[in-house]
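Below are two complexes that have chain A in common, paired first with chain B and then with chain C.
Let's look at the complex of A and B:
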């Protein structure tokens, strides 16, 4: 039957496994996946059984038309067999629902019991239409900020405090965990762990305006030593540009409108309204998953962001071709 | 519609002379001409307009859905941009929920509840007329906004702060919120009419235990509307005030609360699902009995299930908010409640299967739609059980899985029964039969198209596709299933076109319908097809649950009601014992005029809060004229008065 067509053990061919609730790579998503299989099994059995009952009823029932006298004698008839069958069916339904309720509650409990020793703590803030991630450390001088990407060590739990800067968004990386809303004026928490190295895509799951569709981010789960190396790299300020063209690019960034909104640690640009670009060249995508991070795409994006993400808050920046090339050359040095 | 209907055949009376019958018919008829048309208070005319209007909105909502399916048919499609796409999905949801699903169910109730309880008209007929005009105004208002590029674009749920003044400047969100006001006024007033009709205008002898199940369903729904709609009216009013006069109900920066909106909205929004679903259940019972040639098995269980569903429907709203930071223990309560509500529906489904099992089946189009309901609704109900689980919901909430689920529930639970009911009651409404052959094509294309369109969405949701995205990247691999879904949508469109063709052709050339073409047992089939203006020349007296199936017993009809005045018999709530003769108000233009005045006030208030003050003046004038007692009516009423 149709329900049985729902993918059970393996995701359907063709769909990407890196944004998929049916391909859990973290313990939280695995718990939910187990519950899904239980639910799917029980519901398939119920559906098939009810349909068989209906088909038998249709075959067993006699045939008649509008002239067939209606059996009003049924009013006085207690109809014992029908009574017993209905009561039994309802009783079975209640038992199955209780079973599913228990399965659901036990899954909730398993999710709440994620061991949290040595957890990595993050503050994730959603903006229309991008993600800001702050990695917290002790002392706070070791904190650093990145945007639209999350790198996490495999096997180490992550506690993320969730905030929103504007409207309601929802954080969702289906391979790792279910979603959690980011609500302005409130802080919510999500705890998860990646158990397998790899790249997983996440996406905003609460309608948040024009570019809800392009508010994605990448989660890279990597071995702890690689993670530490990456984190150390992120803590550094932007390097002094080495070439003339890159120097000119930095001047364009600092003297143009860019620094009004963007921050590059180690320069005069300290804008807080848009993604931190201190390490922009090390990220896989531009504009929250909209474009691959190549110099050509970066150029196209700066010249006309509205072509790719209409409604995004980044304005088109009119620059001479030389300035543009210099700017992109500089940004490419921000590894 | 009426011009093509066959000549009205006045049924012979068993106690009135032919001139008296003609006088009775004249008394209840509309005045001629366009003014008479606008002034009608005949529930059948109001309901027919209501149904046609809602169906037009259904078609418009369907076209919007088709536009969305075209955009999503392939990845990174640029047919629609985000601006238009967001407007379209908001318009689709708002139209289908507020302008089609709720009002069409009420419209069918306005037509058939008075007929099924043996009344000559609905209670408060002028209010019913007003309810129609205000819904029409609200619907026209919404679509005019859309055409003028001020169509709402914040979703049919309009979550704050996205819909608030800061993130939705302009008038779009106001347009949405004010459309809510229009439709809610309409729904609340129609509910009052339906409740009063069921409680006070039932034919003598129709005790509470003899009310047809569709009437029970309409009654329960009307009560749900009374309790659910005020929550959304409150919420939308607070939103309008935040946007127009600078209150801060939902502004967290000023002590407001963004989640408050969700509680208020879903306190309405979840019962709303059952407001749409319960009338569908009533229609199913109405169809199954005559097509299985026996009464529905387990009448008391059926009625109690409807009432239980209505109560439980108010205890589920947080299951739309499982991804927010509402306390976890509280969420578990809503998991349990959401699972419990499956039980009353299961009881009804098992009772229907028992009815079919023991019946003699007449496989006509209405019954096909019932069988389609079983398949689709049970599947949708089971995915609903999945969504009730907090942890599973965090994965599938706000994904295409939910889009699939809600369409399985609403199309399976409401639209399939509605189409079945349309085939079933069309002969009564028009005096013509619909074509059986086109009906079968219509059904099978709809059934197959529906499953092709919506089943793949379950998989898409699990594979990570969120709802309300105007496009998606190719590398996620969602393209194939989306294309399949679009093909299914095209099939549904073909099916609906066949339905329209069937209606148009049958209105002109369909076989003439006898009074009771299906051999059914309820009172609407006791009068002619279509019914005369007075509904029943002889108001029936009821002696059983399926009056037309049971052997006739005396007395069979009510005598003593005036023929020259719109007199109806008011009966007691529980036992339907005759209580008093009540004179119903005459046709009048004032409900129509009042609706214009109220609409002007509602629309004006979007632009200037003073419109409420100045707009109240024409509203007060129109309402005063509406309630002003007519000299002729008063004279008649006094003449008919009898000392006890």
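Let's look at the complex of A and C:
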């Protein structure tokens, strides 16, 4: 068991950083990783020492046979060696536990000491079962909303206000930071910073219902200039459809059930109840990390969402095949 | 004595099996096979008696359907006019006055077809099963849902009893009457 645990302590060299608390790419995850290593080291030493003690006891014991009279410990006259070793072990245990407590307190202090100058501020709202992310800016007309993806500039701190729309969720991007709960009726705060560009995966870490396991999102840490370019793109409304099929797709979206829940900036669809689809085609996944974002998967998802995420709030929408093709063609233009 | 106990046990198991309160049906009818005309608006018909369309309101005994209906009630902005059942520019829904009937089919038709003086038509906008969930919730607001199915508490942070569990409210004098038009 110990041997099986050891390789986990070292980051998997070369593997793509996907969702791995042992491959920190932010300063805070690095602190947590250090604490994890300290705890693993202490526990390993304690485990080995205990096992050695056990082996010694096993070797020393069993010297009698059936005829040997039972050895009854005498009150008031304890064995002096046993007494000494028990006191020593208790003292060592207390010292080690206090050491771990101190290590944990210092890690917490280090986590809270992230410099927050020039921070990017977000509002993250958890829904059953997807994430809504609002990027705040000054003036507020530059705010924009996206869903199930979080793009952040490398090296710039992020302050996220966390909200929940229904039940308790928990935000966890293991490569960047620890977990933080999102509680209905309450606003919590999390600060983090990505120090290395890359794609990471975030996940809801508090059981929240049927599709808790498929409530994921993508985090992309990218150089500040690339981030600004992406943000500028996200601020734009959806482009006017260029082809006939895309125009028909937009009509289907606006006049059908889609626009009752979804919003596409620049059209008549202003639902505030489901993920904002203004730039849906630029996202890597569909349905909060459930499906890769390809036209085929999008079509399958619209035809029967309950097949992929039973219990999700997206209903199966009756559409004719032509309408469906046009709708997907239109959504694919929303880069 | 033994056989009595056995009978009680069998009855208890049968009761549990019959309880559909918490059943959640996620698999929906295949797309395309859904019609939004499954409701008759007038008892008059041409020719012989037509077969009555089935009203699949199995949702009426289902707590999940009712709470989904409540969610949709605010998502589709019903409370923009009806408030939380108390009425605003639309009539209140928690009293026992029903202008167009309180049967599930009537409420379904009201949502699908719309009604004069402001109620919009949601034809083609809301899938059928969601309308039936809305119907279950709307009926529960005026005490028409069985109390063993209605959710006993609100989903939101509220100290009040769920409106699904409240008794039917008596209409306030003049409150739900249209104002007399100046002659």
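Operating definition for what follows: the second predicted complex is superposed on the first by the 313 of 335 C-alpha atoms of A that agree within 3 Å, B and C clash if a C-alpha of one lies under 4 Å from a C-alpha of the other, contacts with A are read in each partner's own complex, and residues count from 1 in each chain.
Basically, contacts are C-beta pairs under 8 Å (C-beta built on N, C-alpha and C of every residue); 3 or more make two chains touch, one makes a residue touch a chain.
Owing to the predicted nature of the structure, the values given are computational and were not obtained by experimental measurement.
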Partner chain in contact with A:68 - chain B first, chain C second, else both or neither: first
Chain touching more of chain A, residue-wise (chain B, chain C): B
First, second, both or neither for A:203, with chain B first and chain C second: first
Touched partner set for A:52, first chain B, second chain C, both or neither: neither
First (chain B), second (chain C), both or neither touched by A:311: both
Touched partner set for A:257, first chain B, second chain C, both or neither: second
First, second, both or neither for A:95, with chain B first and chain C second: neither
Partner chain(s) touched by A:116 [first = chain B, second = chain C, both, neither]: neither
First (chain B), second (chain C), both or neither touched by A:319: second
Which of chain B and chain C A:303 touches, first, second, both or neither: second
Overlap of chain C and chain B interfaces on chain A (superposed complexes): 166, 184-185, 310-311
Of all residues in chain B, those that touch chain A in their complex: 81-83, 86, 154-155, 159, 161-162, 166-167, 252-253, 256-259, 289-290, 292-295, 297-298, 301, 323-325, 328, 332, 335-336, 339-340, 342-343, 346-347, 349-351, 353-354, 356-363, 371, 374-375, 378-379, 382-383, 385-386, 388-399, 451, 455, 458-459, 462-464, 466-473, 475-478, 480-481, 516-519, 521, 544-546, 549-550
Residue ranges of chain A in contact with chain C within the complex: 166, 184-185, 255-257, 260-261, 271, 273, 303-304, 306, 310-311, 313, 315-320
Residues of chain A touching chain B in the complex: 2-3, 5-7, 11-12, 14-16, 19-22, 29, 31-32, 35-36, 39-40, 43, 46-47, 50-51, 53-54, 56-58, 60-72, 74-75, 79, 82-83, 85-86, 89-90, 93-94, 97, 100-101, 103-105, 107-108, 111-112, 128, 166-168, 170, 172, 174, 177-181, 183-189, 201, 203-213, 289, 310-311
In the complex with chain A, residue positions of chain C that touch it: 24, 26-34, 71, 75-76, 124-127, 129-130, 155, 157
